[in-house]
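The structure is given below, and queries will be raised subsequently.
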Amino acid sequence: MAPLTKDYSSVYLTENLDENIKIIKEIFKKDSTLRIRRIKLKDNVNECAIIYIDGMINNEVLNDSVVRPLITAAVDIGEKGKIEEISSKILFVNDANKAKTVADMLRAILYGDTILLVSGSSVALSLNTKGWRTRGISEPQEERVLQGPREGFDEAAMFNLAMLRRKLLTPDLCAEMLRVGRRSETIVFICYLESLADKQCVKELKKKIEKIDIDGILDTNYIAEYIRPHRFSLLKTTGTTERPDVVAARLLEGRIAVIVDGTPVVLTLPYLFSENFQSDEDYYLNFFVASVGRFLRFVCFFLAVSAPAIFVALTTFHKQLLPTSFALSVAQLRGGVPFSALIECLLLIFVFEILKETGLRMPQSLGHALSIVGGLVVGQAAVEARIVSAPMLIAVALSGISGLMIPRLKGVVFYLRVAAVLVSSLLGLYGFIALMSIFVVRVFSIKSFGVDYTASIRNPDFEHLKDTFFRAPWEYMKTRPVFNKNIIRARDEKDED
Amino acid sequence: MKAKTNYSLHIAFLTAVFTLSNAIITLPFNSADDKTFLGFILAFFISLAANVFIVSFLNKRDFSNKIFFKFLYCALILLVLFEVLRSFALFVKFASEIILPSVSAFIIGAVFLLCVIYTFLKHNSVILKFSLFSFLIVAILIIIFFILSSKEYRAENIFLLSFPDISELVSQIYYCLIGIFLPLPIVFLWQKGEIGEVNKKASIIGFCLGGIFLALPLLNTLLLFGAEVSGELSFPYASAISTVTVGYLFSRMDGFSYFIYFACVLVKITVLLGTIKTLIKHIKS
Amino acid sequence: MKRMRIKKILSLFLVLILLFCLSGCSGNVYTQADQQYIVSAIGFLNKSGRIRAVAEAVAVNAESTEQSVERVLLEGEGATPAESVLDLAAKLSKPLLFDHCGVILTDATLNREEVEKVLSYCEENKQINLAAYIVHSDDIEKLLSLKPMAALTVGYDIIGVIDRAQSLYGIKFFNRFYEVKANVLKKSNTFLLPSFEAVGEEYTISGSEVYSSFERKARLTNEQTALYCLITDTYSHGAFSEYKIASAKCFFDSSIKDEKLYIDLRIKAQIEKGSREKLLEELEQTANTLNLFFDSDIFAFSNRIYRKNQKVWKKIVSKEKEFIKNAHISIALEDI
């Protein structure tokens, strides 16, 4: 393991200003963005220095709230408690904390704060002058809605937390800060509503995050892969979102959110299987419309996974199950195709995935060209050249498009689709049913942070199904998800009498 | 207030699926005649009475460490093992003749065994949830097939031609009891071992549900083919479903029914293995 | 723990690869529908003492761009139906697919044993569906070689013609394979098959053939078939000759008096068109003539006696044929 830089948590400041400055300069000797400005106070006796990294701070705040007051304030700070005097009588900043060790100082400087050193004091002051630029609030690309809030998180955890607080104006909202990553010291917030979240779950989550031993955390997924219970499972046991309204809704259901600095993606847990089929705007649209969408997503999941597999199984093993006219039509259209159904199907699936991935990453100006290539070449030329057959193309295209309806199950759908095709080509519908049974058993056996993954569809009654296969009107959504300790969401009319 | 996990419904459906299991593949049996349906009904009620008694008995008793009971458990293990092998062999035979005639029975059996082992290694709540999931689908399919076949039914196929002879009736009851209802107490034993007690209400309701959803395929086959033809066929219900036509010419619905057989037998064998595990545990203790 | 997990994953992979390899050993697993002859109809006839199988099939011609689907007539011979089909298949470059065989044809040249063998073969061939129709034709080869009228093949056309005839005339043949099998297993072993006749370039149902104990006993015209169905309580609603009947139900009763069997048929029919008296006369004539003339239980009376009146059945079972042949049949025609 490459050695870290020296551990400065046991290195303390001295009362000599020059020595303290020398320590900082030594640490940042290869960093030309470090700025040190020495300031003499008005009493002409005491000297201080402000240290910051250029580009990380807000110059106006620094100049107006720190430098000007220091230069112009006619305050006698005395011999002892200089830092406290300066902090309380001179400075105009909203947040000033003491930094006793060099490690504290470094953490502050590297996060955009300014360090104030005073001659004759072995304690530094960390001043809130953060001014690094962020992307600003914009609608998340992957979670667009037709109706509802359009704000999305950005890369600054503090601002994200602020956006969340605007949604939940309650002191019940807790945000515990942790730093993760030996070199990155990334700030991570664990957010939850104290009266709703499971304390044991919060405790275990904190423990897991604190145990993470990694160089740096750049995204939520780094943490997700460390903390989730079934690490090698395709099925997600932690939810992700870039929308503050979604995080707020999940916190109100008793879940926990993990905000990581440097990424707009927020983790929420526990995560249930039925959430894969929920759309963010289900709760903003009329419940009829939302219910149709929900139901459609379940159907699309089944189609996405099974359409090519069932087609391969029927044309290879179970020709008697095809209606006669359809069987003849398929036979006619497949005539002359040199590949077996399996190879043809896998070929089309991979081409579809290539087109999909290319569409995601390529420049927008080439989008038209790609759609023409995809449509004409794959759709028409390949069929006419009898490299692939039209029915297979339809089955794979249907499967591919259905898969796009459920973006949260992207990876699962792909692997399951390929596995289903392989198994169907070997064992027909029997193999397909066996694979689906194993998948269902797997889904039933997963837990997400102590909560049954299929808790919301455990019983076929209204209480369980009201927010799964359909979305009930809000007046019927009086209870939270069944795993929550505080299940009653709304006051019953009887209680008011 | 946290919602408690209540598995009563799941237990009922597990019992129903267990009742359906192999019976749905072979019902009616080779000895079918016009008394078959009456024999089935009578066998059902006899079995219901017996099961109510067995459930009460199991709830009052606990597993014992005495030598005599250990021998009894050994005998039960052998019986359950026999039932496992019988069910497994029947399902593999069915699958290799009807579902996948072009693939060797070994592969079919091996794949099924893998599925059974995978399910068996999971917690008992998983099999309960899977039973609920399976039963809902199986029930819907059975009802759909029953309705779709209705235009071809001939009511006279289930009329009793004469007042049944006692011996004829007894033989029909015997076949139904042995072939369908006899292994059922194993489910109650499984519940006792895995959950700690036998949920009487859920078990009896499940048994009744299983009986009803077994009567439907039986009626389906009898009304369509008659007792004589049904008795000649190896797998009457599968043959009956293969004749269902929806629309012009041939529109075969068999494919949908494969899940019925697979799920029912999977649940049954998993429960049987679970019972063996429980009995072994009590022999060792 | 980690080692155990890795071992589990590796053993799972090993099993899957093994299964993958083994499953490929069965041979013709990867046959697609376009690589087979899809049989739509198969007929059996006796030619010079040997069973000849004639099958109408559809094949996909991958080479031709103009007409990629071809209808072909295949033939084979053998001592038994199974051998003749084997002989037929041996001459082909692609295997046969019987799963979509909708029609099984029998011929006037087949004797009793041969008809029984044909039905047994169809039962043993698991690919042939129980819902396939069994029909009779005097010239199977000519019938199957004609150009289909509406569907892709003559076989599928025949199914449509049968359905249409049944609904027009109101008759019900019960000629699906499982229905024929059910009738065979009953006491009377009597079944009715529609008879197809090739007239020029067209084919039509010219009537029906009554089989008893696998032997062709009677040939009926369409009108006689309708009367037959009225007598055997298999008539629904339709029109034939000058009659139009909205609904009909036949109540059967039997008794023994002085060693003679009396069969009473009470037909309740809603006659919308035609003379009731004339219909009754025709019914009586048909019943008595056919019953007496063909020396066989044409109307499956023994089955109805067995189902309705066990006491009478027990009395006649020892000399069933004689009793039924000499039975006095009386028909009453009532309005609904």
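In this document, chain identifiers A, B and C correspond to the written order of the chains, with residue numbering beginning at 1 in each.
Everything below uses one rule, namely that a residue touches a chain if its C-beta (ideal position, glycine included) is under 8 Å from a C-beta of that chain, and two chains touch if they have at least 3 such contacts.
What you see is a predicted model, and the numbers here were worked out from it, not measured in a lab.
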Most contacted chain pair (by C-beta pair count): A-B
Chain nearest the overall C-alpha centroid of the shown protein atoms: B
Centre distance in Å when chain B and chain C are each reduced to the mean of their C-alpha atoms: 34
Interchain centroid distance [CA atoms averaged], chain A/chain C, Å: 66
Chain A and chain B: spacing of chain centres that average the CA atoms, whole Å: 46
Touching two or more other chains - residues of chain B: 102-103, 107, 111, 114, 242, 249-250, 252
Junction residues of chain A, two or more chains touched: 317, 320, 322, 324-325, 427
Of all residues in chain C, the ones touching two or more other chains: 19, 23, 29, 100, 102, 129, 156
List of chain C residues in touch with chain A within their complex: 19-20, 23-24, 29-34, 36, 38, 40, 58, 60-63, 68-69, 97, 99-100, 102, 127, 129, 152, 156
Footprint of chain C on chain A - complex, ascending: 315-317, 319-320, 322, 324-325, 327-328, 330-332, 334-337, 340-342, 425-427
Touching residues (chain side chain A, partner chain B) in the complex: 314, 317-318, 320-325, 427-431, 433-434, 437-438, 440-441, 444-445, 452, 454, 458-460, 482-488
Residues of chain B touching chain C in the complex: 97-98, 101-104, 106-107, 110-111, 114, 156, 159, 161-162, 224-226, 228-229, 232, 239, 242-243, 245, 249-250, 252
Residues on chain B engaged by chain A in the complex (per definition of touch): 1-3, 5-6, 9, 95, 99-100, 102-103, 107-108, 111-112, 114-115, 118-119, 122-123, 125-126, 129-130, 132-133, 136, 242, 247-252, 254-255, 258-259, 262-263, 266
